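Just so it is clear, A, B, C and D label the chains in written order, and each chain counts residues from 1 on its own.
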Amino acid sequence: MIDKTVLDVAAAVAGIRDGATVMIGGFGRAGQPVELIDALIAHGAGDLTVVNNNAGNGDTGLAALLAAGQVRKMICSFPRQSDSWVFDGLYRDGKVELELVPQGNLAERIRAAGAGIGGFFTPTGFGTQLAEGKETRRIDGRDYVLEYPIRADVALISARAADRWGNLVYRETARNFGPIMAAAAAVTVAQVDEIVPLGWLDPEAVITPGLYVDRVVAVGERPWLRDGEFVGGVDIEGRPLAEEGAEQ
Amino acid sequence: MTTTRISRAALAARVASDIPEGAVVNLGIGAPTLVADFLPEGLEIVLHTENGMLGMGAAPARGQVDPDLINAGKQPVTALAGAAYFHHADSFAMMRGGHLDVCVLGAFQVSAGGNLANWSTGEPGAIPAVGGAMDLAIGAKDVYVMTDLLTKGGDPKLVAACSYPLTGVGCVSRVYTDHGVFDVTPDGFRVRELFGDNTHAEIEQLLGLELEA
Amino acid sequence: MIDKTVLDVAAAVAGIRDGATVMIGGFGRAGQPVELIDALIAHGAGDLTVVNNNAGNGDTGLAALLAAGQVRKMICSFPRQSDSWVFDGLYRDGKVELELVPQGNLAERIRAAGAGIGGFFTPTGFGTQLAEGKETRRIDGRDYVLEYPIRADVALISARAADRWGNLVYRETARNFGPIMAAAAAVTVAQVDEIVPLGWLDPEAVITPGLYVDRVVAVGERPWLRDGEFVGGVDIEGRPLAEEGAEQ
Amino acid sequence: MTTTRISRAALAARVASDIPEGAVVNLGIGAPTLVADFLPEGLEIVLHTENGMLGMGAAPARGQVDPDLINAGKQPVTALAGAAYFHHADSFAMMRGGHLDVCVLGAFQVSAGGNLANWSTGEPGAIPAVGGAMDLAIGAKDVYVMTDLLTKGGDPKLVAACSYPLTGVGCVSRVYTDHGVFDVTPDGFRVRELFGDNTHAEIEQLLGLELEA
């Protein structure tokens, strides 16, 4: 029997080594595998290269991993945000490297890694600082930059549900980088709200087929859902709303 | 010289009035997001958000905020009937492949050749962040810029050549400013519309640039 | 109101010009837009370049379009089949050109056209006749061939259902080339079993978002379905099974 | 010289016995399809068909044939619990990206360097057709070839260098033949197993090739 289920997040992140390249799903907080990141902090692997769209928000999740000093380099498109103080401080102190990649090139380079493409010509970034030193070519009258795949040792992603084969379904815009990171890493670990029996996921609607997934771990339902249905009652960070009377 | 300047909201309305029914539109972070509030009621316009959705709706009521459903600015949004979700590579393939009709973006500078600078002022020590700006710049049939004509310090934002780092080359089709609307043509900026009593000569003087009529 | 619905297949294929490049969905018969092809035959546009995985089966669909003499060139991976006699005859008589493309390169080149990629390095075909004369490159120790996008003027595809925005869902392996062809053509026409009200398609399970689709036409339910459920009772070509007693 | 040859079915069973539980496997058109009939019952092995499905099941009963649900050979199949559908670009990305564990393919010739020729005999006037052969050849961690050792005319199919047009370069990891099983190594073919009383020397003589022990 194929069973990619692991019992807890510690088992899910076991074996991640110092110096590894780790893709972490999510766009801002949506789809960020916070429980897996917490487990990676507890696990302690350091000198990591982390691939994510951003560089952490507030003090939790990816920001906490950065604060723990485990990250040597970030590959991302948009590190600087109103709440990226952890990264900002480390960067200004020279304690973390940054490779800045336009968001669509980041996505396509990750996709290329999973799809066995050795390189591709993209129009994005042509003529800008972010393409300096890169090979360019004019094809059919349009200018392109040659970009290469970004691969990873491990991908940590978040999805709504899985089955024991590792098939995944996502929810709304929390899908974002999950499917392409799952395909681009040697080992892919998915945290999900729930693991359902094999055959419960609609094969027309499986977004990440199980062959891309190595381990799945159930971490419980998000606070804004009940039995898979949206019930709300939280703020954008997922924290329960204060009582109406207490609101400022 | 006193010139007419319209408000940010009026400018958003002006941009919105040029977007036809059925258009697929991406509104950049910041001021362009305002355009959504002025899209004509009753017309169906499909909003794309590059974090993986078509058919984006308005902000939710308090209590109905869904952390899984956000726009590119990471603000909570809703989904309209007819919406679809997709992953990031598919989302940017839509842009890069030319399937969006209109992107509306902010700018530090736009050059007469249609170059856009909107991601970095090149300040030493600043933390660079580009996000989807470079993809958006080349990612629609029409790229509209929405901006003030001048910086707060009075420097022109429509320029002969950008001094700030470029976001995209030859990508802007039209610039909506607080003073008027300008098309980017092979011969440089062409005045499309001037607000209030603004004259061609006044705007040329403000910019230090010749404009096509 | 956005309404991409057209009333009949004639309206769906209107405007296709002589000399056009037409992508036609389907893998063998599965997902082949037979009603649209019939309309294209009636429409009469000729000198066409057709992109399809195959080159027609039996005497219907793409084979009938070939038989009608409307196709100048086929771009495909697998023209020769047990029932490809129409193409076989035309090819041997020098009446149709053939550009043979490995199936995965065909799919990726179509995908590249829709995704704004100017070219890509693929390992498939390296060192073979089908890569002769093409640029090659060794990247990270693996050999690749540079391949370019395949675009089309029109795509004719088949899906299970659509809404008036042109959102599409497919059925099983009839999905095949539909989603990538929809994105690679200037004008995409989809035939569907049914057009459902806006909002009925699950946004998590929409496979082709409406922005890729220009016209949709309902052609009625496939004989092996009833109200969207599989009921069977047909052979692999979709023809009703003979009575048990009549079987040879 | 009389050598032991096992049947096509026995060979399919021999291949099947080397496929571990959990493997993701693509079985090529023709003889390799037979392997599915010999996969051990009770073991979960995930079959990929390049026309857009993982978790392919056996042929359906008469009356249950679904024209939308076919394999790469365009034969009717079924879907197992745990199946998933995807489009052609995604399907071939899986192969090219190295996500399949095993592909089993037929061959006209395999060279000692692991080159495969299985799509064209190069006959003048023949209609060429390649399908997914070149993608499959480079599309799995292990590419197994399943073939007779000799053609019907008695010519070796394991050769020093392919004379037929290549499908892929250096891609084959192992060859299962009716006479025995051979690994492709940096030093050429290595005998892994010989069926019946077949000897190393006999096979070398049949092939006119030196084989590693």
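Everything that follows uses one rule, which is that a contact is a pair of C-beta atoms (placed from the backbone, for glycine too) under 8 Å apart; a residue touches a chain by one contact, two chains touch by 3 or more.
A quick note: this is a predicted structure, and the numbers were derived from the prediction, not measured.
Novice: Taking each chain's centre as the mean of its CA atoms, how far is chain A from chain C in angstrom?
Specialist: 34
Novice: From the C-alpha centre of chain A to that of chain B, how far is it in Å?
Specialist: 28
Novice: How many angstrom lie between the centres of chain B and chain C, each centre taken as the mean Cα position?
Specialist: 36
Novice: Among all residues of chain D, which ones touch two or more of the remaining chains?
Specialist: 79, 85-86, 93, 95-96, 139
Novice: Specify, in ascending order, the residues of chain A that touch 2 or more different other chains.
Specialist: Correct list: 108, 111, 115-117, 122-123, 170-172, 203-204, 207.
Novice: Building nodes from the protein chains and edges from chain pairs that touch, which of line, ring, star, complete or other describes the result?
Specialist: other
Novice: What's the complete list of touching chain pairs for this entry?
Specialist: Once each pair is checked, the touching ones are A-B, A-C, A-D, B-C, C-D.
Novice: Where on chain B is chain C touching in the complex?
Specialist: 21-22, 24, 44, 46, 48, 53-55, 79, 81-86, 93-100, 139
Novice: Quick one: which bits of chain B touch chain A in the complex? Just the residue numbers, please.
Specialist: 49-53, 60, 62-70, 74-76, 79, 85-89, 91-93, 95-96, 115, 120, 125, 127-135, 138-139, 165-169
Novice: Inside the complex, what are the residues of chain C that reach chain D?
Specialist: Going through chain C, the ones touching chain D are 27-31, 53, 77-81, 87-88, 91-92, 98, 100-105, 107-108, 110-111, 122-130, 143, 170-180, 207, 222, 224, 230, 232-238, 241.
Novice: So in the complex, which bits of chain C are touching chain B?
Specialist: So the residues of chain C in touch with chain B come to 1-2, 111, 113-117, 163, 165, 167, 183, 198-199, 203-204, 206, 209-212.
Novice: Provide the residue numbers of chain C that touch chain A in the complex, in ascending order.
Specialist: 108, 112, 115-123, 137, 139-140, 142, 144, 148, 169-172, 202, 204-205, 207
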